[in-house]
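After this come two complexes, each holding chain A, first together with chain B and then together with chain C.
Right, the complex of A and B next:
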């Protein structure tokens, strides 16, 4: 076969599948969102125009969940970057037993987010949990999951426990690959470690910091498991993330038309996010 | 720089913070019911009763869910590699699609999956793929494609062109070249990618929750069903969590060296 032909032949299956994955659901989501389709009216959907879109746009709970998710990802990302970078710098030296420690740090990455959520639910459980146990030991007690602050904080703690290892391993590999010369020069000049970090390490790591930020913000935006399992979006509606909101509308209330319209709103928000993300990545030549 | 005691202290402290939930859940899974509800952290006796209860729970065949997870994850991993390897080769060697295609693929990796869930649910309902192994296999094959293509492309980029050029001069056809020369050379990459896909499929929750109910439910969904079905049977919940996380934990030790590429869309080598 000719080269030009073969390069398309090789990529065709993957491309066809990916195009189907994006085009079909998008078109179908538009169709659904223009109709009144619920579990009951499933067989004969009724055309309702942009009714669903108007409902979503004027739904305070939807905008609340989008805002909450944004808040969530803008809290967890910087914390994870700081802890991850700190750990990576600490481990970026000759030390005994480093391989084992790194393997142990990576363990949370292998665990399903849903299982992490179950563990957190048990950890903070009033009766059997470790955290209330420790609090009891110090003579105090606190009922978790009863108010917004503690529920939201627990979600953030789970995210940090699970995803800081991810940030760590990227920074650690980045540090290992850094050139030695600037450091040797700084050592000869007698620069103090803090200045070396600020003026050498940080600028060299900048592309990676941006890559990690893009990946973490976008992934934190998808948060579902933690919320669904630990707080269920509660108390009340207070910790419902954007994904959980769609899940509720579609699969708890059974309103597929409205859920599809919500999905399309989220789609535009996510497209905006990933376009900015892609631009950042391109600027620092990661992709 | 010499490692001093402070650094050790901080490292051990943070590492244990990451491992604390895992340690706690393993400990809980071996506790007796009385010890769990009375809030004792380190009980005097340990038991396998919780595991037994999970595995032999009436009307709730946990073993079946483990098999579901194994079948769905491994079959989708196989198809995923089968489709992504030629695509990655084409993108690496011929720059097929150029920047546009790679941006498109990266943005697919960034988009939240909930966007696709509603239409896919309706489609599956119409064609009868709900609660089937095949349904989830299709979904996982497709949704892991962006990641696998990007990572495999990065691996193939690292294979020197000269080998292929000399083979082509010797009259080797392109297809034979790919299967007899490039494929064996990218085997480490394929193994790494397979494990990453396997992990991602094993750990996926949203699609598994929505597209399966009972027959084809994966072990993670089953474990979370335990939370609702057996609200206060903490020992059983812990045991089911421990059983679901053993395979992924074992895998991460094997894949550790190549993990970074998978996590950074192939942007960073290790």
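Right, the complex of A and C next:
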């Protein structure tokens, strides 16, 4: 009994810190979302009920940014999973210079997303960029960032460049940890590599695929730096992600109440989206 | 003027009054009073004793009490005549103490490099005498506004002097009004009349001054003077000349593009376009004219200004990916010798005329007013958006008066000349007209007429950021061809109407 009490007592500091860091901001976010809080009214905010939520719900630009972010994450996640898995399988064998190759593959992970965006912007710049230079060398040219399609494509490329290594390293670790017995049995049975991959590797990696999908969708949904730095959400409003929309409302327009309501709205959308997503995955027996 | 300031600072009595945050007057007088009562009582006893003893106390008797308050030691000397009708004088002597550190916030870049050097001088030569030491606190340029806003809203005293721009209207409730400080001649023996007309007004909210300008930003047309003999006067001339210097239309053109549009969806780019709008005869967002500017957004002048940029983009007179350009990329294109003209902030000129930074064009950079439209009298309308960077005092600061002493110094010609030499661009006439100023900043003679005749101040409306953000979003959509000129301006007008209603 005495030991039980002590253990609760011992976790108290950690619990207090955790509550302070999670509960307080959550409650404060709800408080903000129910008030008209701008830079000027910060000290005397007016209670507005669910007005901010109604404003968000009726804002076409908000729904556009949610749709765009969903499209973005649903494009980058499968591409990164496919490339990451391919690289992991490719390197999951003894080969010369493997360590160096893995180090090089992982290098983009060590770069801050904002720096990655700046580098990409320079890399694709018509006058000082490496990519247009190479294109010119081969007698062709292409203006990146000229419209929505090209700008959006560049954003996807940056994400894939930076986050495929993350997917790769998880799959690579997973492949290294897979049991050897099923493979030996398949080899004795004369299964070809494709069948081995389809019927052994893939099923064994399913939990990891799910984990990576969830992590990547969550992360991709929060895309901010790439958009903010490269396109600024433009041309026009066309590449504005949901987080950039919140940032604009909160920090450019200074409307903290509306920004908090938008964030909570996004939170509810994310919960609904992930629940539906998991159900679909279960239904099609991917997990 | 500086000598006067230093002399003034050397006066210990004045220093105490200036430092009244350190030693409250009430406390000093109260202590002195207590001592006086005690001494008077003692004098009565001593006098009575002396009378009865046949002795005289003779002359003046002095008692000293030492009071420690904060970093200072105040010695209170009470002079008591031998008569019972006493007069009490309190002398305050301030002992040597550590200077108060005033935290000065800036953003990294040429301005902060310049102010760092000015502060170094202050700390070296004036810190001890004034009892104030300046310490520079830099925030990242990208997140400067976010962080500054958070600190001010939280009422944090961690910064004393804050560097802000455009946001004075929005942040005024969290900034110290400076009128009373300026009105106090003992505290501010200088003048603000030396600034360019709009500079001080830019920091006024509801008639009160909340800041002092340090830098002026104004838009100019930058052109290649080796290729263009006479810069374009009108918007039509601008378009024709830009076409002439675009390879697509003139294979002989030495430059690939005739003009650079800074087209990223960015409020600063909307400000750049605003100069073209105003020069086309449209109504810009000037202080107090915001609603009119919104109503005039669908005027023929506004349509013409937007159509010009759309034509630049559509006809590839501007680089096709310039739709994602901002300050840096536009400069890079010009520095690479790829473009003949562009509208830019005056801050770029220093970099463009620097032989090391711009080896291809440093000696070919021309500056002209923004091209406009011909008026009925035959003259051409030129207008340039101007705004000011400057500093204010955090309302939550615990060292406001000390902070003001440092600010006051920064309004002197001496300090601002140094600031200009080190990379800043103060909006002060006296500094601009000094021969040594033009030696370091060759653009000054070209900029004076633009500042004097064509510059209009940017609005200091509390929603200034939102105004330009909305404008940027819609005009950028038109530049990229996503929407028509009419629709873009109409959409911007509707959203801005809602905002300002």
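The definition used in the following text is that the second predicted complex is superposed on the first by the 264 of 287 C-alpha atoms of A that agree within 3 Å, B and C clash if a C-alpha of one lies under 4 Å from a C-alpha of the other, contacts with A are read in each partner's own complex, and residues count from 1 in each chain.
Note that a residue touches a chain if its C-beta (ideal position, glycine included) is under 8 Å from a C-beta of that chain, and two chains touch if they have at least 3 such contacts.
Model, not experiment: these values are computed from the prediction.
*Asks:* Is the arrangement of chain B and chain C around the shared chain A a clash or a fit after superposition?
*Replies:* These partners clash in the superposed model.
*Asks:* Give one of first, second, both or neither to describe whether A:125 is in contact with chain B, with chain C, with both, or with none.
*Replies:* both
*Asks:* Applying the touch criterion given at the start, work out whether A:143 contacts chain B, chain C, both or neither, answering first, second, both or neither.
*Replies:* second
*Asks:* Is A:251 touching the first partner chain B, the second partner chain C, both, or neither of them?
*Replies:* In the superposed model, A:251 contacts both chain B and chain C.
*Asks:* Applying the touch criterion given at the start, work out whether A:39 contacts chain B, chain C, both or neither, answering first, second, both or neither.
*Replies:* The second partner, chain C, only.
*Asks:* Which partner does A:201 contact after superposing on A: first (chain B), second (chain C), both, neither?
*Replies:* After superposition on chain A, A:201 lies in contact with neither partner.
*Asks:* Which of the two partners, first being chain B and second being chain C, lies in contact with A:151: first, second, both, or neither?
*Replies:* Second partner only.
*Asks:* Applying the document's definition of touch, where does A:235 land relative to chain B and chain C: first, second, both, or neither?
*Replies:* After superposing on A, A:235 lies in contact with chain C but is clear of chain B.
*Asks:* For the superposed three-chain arrangement, which chain B stretch in 55-63, 109-117, 235-243 or 253-261 runs into chain C?
*Replies:* After superposing on chain A, the stretch of chain B hitting chain C is 55-63.
*Asks:* Residues on chain A in contact with chain B in one complex and with chain C in the other?
*Replies:* 114, 121, 125, 127-128, 251
*Asks:* Taking the touch rule as given, give the residues of chain A at its contact with chain C in the complex, in rising order.
*Replies:* Contact set of chain A toward chain C: 39-40, 42-43, 114, 121, 124-128, 143-148, 151, 230-238, 248, 251-254.
*Asks:* Which positions of chain C touch chain A when the two form their complex?
*Replies:* 142, 145-146, 149, 153, 170-171, 173, 263-267, 319-321, 323-324, 326, 329, 332-333, 336, 338, 462-463, 465-466, 469, 472-474, 476-483
*Asks:* Quick check on the complex: what are the chain A residues that touch chain B?
*Replies:* Counting only chain A, the residues touching chain B are 1, 3, 6-8, 10-11, 13-15, 17-18, 21-22, 24-26, 28-29, 32, 83, 87, 90-91, 93-96, 101-123, 125, 127-128, 130, 132-133, 136, 161, 164-166, 169-170, 173-174, 176-177, 208, 211, 214-215, 218, 221-222, 224-225, 228-229, 242-243, 246-247, 250-251, 256, 259-260, 263, 266-267, 270-271, 273-275, 277-278, 281-282, 286-287.
*Asks:* Would you pull the chain B residues touching chain A in the complex into a rising list?
*Replies:* So the residues of chain B touching chain A come out as 1, 3, 7, 10-11, 14-15, 17-22, 24-25, 28, 36-37, 39, 41, 83-84, 86-87, 89-91, 93-94, 96-97, 101-108, 110-123, 141-143, 145-146, 149, 173-175, 178, 199, 202-206, 209-210, 220-221, 223-224, 227, 234, 237-238, 241, 244-245, 248-249, 251-253, 256, 259-260, 263-265, 267-270.
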